[in-house]
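Look for chain A in each of the two complexes below; its partner is chain B in the first and chain C in the second.
The block that comes next holds the complex of A and B.
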């Protein structure tokens, strides 16, 4: 059975931060991906395009491109945008938020360079 | 007589005590270079013992604000005037508002930046020579009321005589405040959105687009790239102008600027192939940031030859499409956008076409300011018809 997440309630209603470096560093795209989508972070998970999770955006007031890029565009290294949206289904999402996700998928992931320790 | 010869003769002619007071031998090459910026001859600089740009050369300078001051009115005049005082090299700066007829939000934001920047720059200097900024009370009641009710006097901690608010309508302004807490981002965003809902021409979907893309990315930029260890702060001001039918929104910080941000990140090599690090090109760097995915995150490679223990890339590692997305959203919404960052300025019209790209020798703005002109005509017409 496909998991369903009420993003606004179970995570946060304002989805703006890519990672800890932005704003208060909380409720980040990285955090969301690692909490709910970590199973998709392998090649095997993308061998088929069956649905994995449904994200319900009813209670999400705001979503920024940086957050969407980190959550969705991250997986463009495994699959094309159409397949990603088959695996991660979106429900009750406004036209604006949907187009933000679409743009980020088509634009690709802003690759992390990281730092030399 | 050549400068070298003159300097040698001068050194020989000084007594022991005079030599001690004159200080160490000076590098004439750097004095010549500094002389071009300071408009004093090298000999005058040596005689006055002024060798460094940080020294305050001019005792007093008065800046006249005549007519209107703001990007909203005339961007060229605004830039011209701001370059006269943003690089503060005087002991006393007097801002004369006697003949100022109107101060627009962008002008007010600039003045707040100046006040903030002087505090950061000079407060930690060894001799604490902080330039004094004075201003007079404007002759225009409108301008004086605006200073009061926009929050400017509170921001710069200036005493004032309270006047009744006759010209500014309630709720037509989101006051200027210095913000340092992370929680403030969401609060201010909500205030700005309420303001747009009340006065702008935007429908619900357009407000959502502006909120999700423009406000989110701009505030993300400020939190990630602009707030430095030195200055943990930013400010915003939003005002509805009934006569011109616009909302003027300014969001600003006193960070290191877009150019310095870009040349310290992993995209440095990529950018320096196209733009030089030195020289008058701040405007070109802003243009790059708007048009391309300048993080170089796509093109930059993982380096292995950096110094161990130094976080070489962390600051710039996550730059991406932000400003490009903001530009596209503004074009879609018919919003004019202007970015001022240190010595550069870029302005886009409501169709997203670049109408101005400028780089100056002097600072136009201490940090970075994002200015948006949002249409606010229709609701005004509907209200008047309803009357």
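The block that comes next holds the complex of A and C.
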């Protein structure tokens, strides 16, 4: 049974921060990935492209590229964008938010800039 | 154009109205047309002539030139009248479609102009950072906050007017690419003390940013009607 998460309600409605160092450091992409997608952080998880989770964006008001990069583009080290979107299905998402995620998947995972502190 | 929009008429009632007018025009000219048809069919010994004879009110002398001219004139009148009615229907119907299309284009242009204005505002704040036009950390953070807020509005405008704008997925991606770059790059992340310490300038970031904002502006301009 595929898990379904209402991102806006169960996590937060404003998804902008990559990690604790960005802006107010809350509700970060790292936090989301470690809470809901930690099982995907292995090679084993990507051996097949069956769905793992459904993310419902109905109650998400804002999404930023940094958050999307940390949550989605992080997995480009395991699989291609098409496969990532088969494993992590998106529901009730606007075309703008979808294009933000698409941009991040196509651009690849950006490493942290070391001198943020 | 506004008056056309205010008239809310269902096309099928217009056709009924015009059909009634056509029927009365036909009735007033039927005797002339029927006489002509009756004469023509009877010449060909066609039994259908009997049907049209029923419409002839007064006995007439077909050989009388005046009567012939009158019959021809009435037949022509009915043909021109009906033709004119159909032209009128066609014009009215076309005018309504044209006005609807023009209104849709106007709506779309207004929204594209709003997005373009907001992109220009966003560009203004990003350029401030690229030019190092800030004196302290507080000012830098204020500008960064404005950069975020201004692009939020661009996203909201596109999201909430999707049906009117009818942009392609590629167009939306081109617009969001600008902030995809800016949000993750050094201009939004590096702390002020580090900028001073390392004497950082943002020339490389400027080179990468400018084509992206230009492409985003082009999306708006190319989609204007």
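Structural remarks
What we mean here is this: the second predicted complex is superposed on the first by the 111 of 117 C-alpha atoms of A that agree within 3 Å, B and C clash if a C-alpha of one lies under 4 Å from a C-alpha of the other, contacts with A are read in each partner's own complex, and residues count from 1 in each chain.
What we mean here is this: a residue touches a chain if its C-beta (ideal position, glycine included) is under 8 Å from a C-beta of that chain, and two chains touch if they have at least 3 such contacts.
Worth saying up front: this structure is predicted, and the values here are computed from it rather than measured.
Once chain A of one complex is fitted onto chain A of the other, the partner contacts of A:17 are limited to chain B, with no touch recorded for chain C.
Contacts of A:108 after superposition on the shared chain: chain B is touched, whereas chain C is not. Contacts of A:62 after superposition on the shared chain: both chain B and chain C are touched. Put chain B and chain C next to each other and count what each touches on chain A; the higher total goes to B. With both structures placed on the common chain, the touch criterion links A:50 to neither chain B nor chain C.
In the superposition on chain A, chain A positions 16, 18, 22, 62, 64-66, 69, 94-97, 100, 103-104, 107, 110, 113, 115-117 are in contact with chain B in one complex as well as with chain C in the other. Per the touch definition, chain C reaches chain A in the complex via residues 148, 152, 155, 158-159, 162, 169, 172-173, 176-177, 179-180, 183-184, 186, 189-191, 194, 198. Within the complex, the chain B residues that touch chain A are 182-183, 185-186, 205, 208-209, 211-213, 216-217, 219-220, 223-224, 266, 293, 295, 297-298, 300, 302-304, 306-314, 317-322, 325.
Listing the residues of chain A that touch chain C in their complex gives 16, 18, 22, 62, 64-66, 69, 94-97, 99-100, 102-104, 107, 110, 113, 115-117. Residues of chain A touching chain B in their complex: 14, 16-19, 21-25, 62-66, 69, 94-97, 100, 103-104, 107-108, 110-117.
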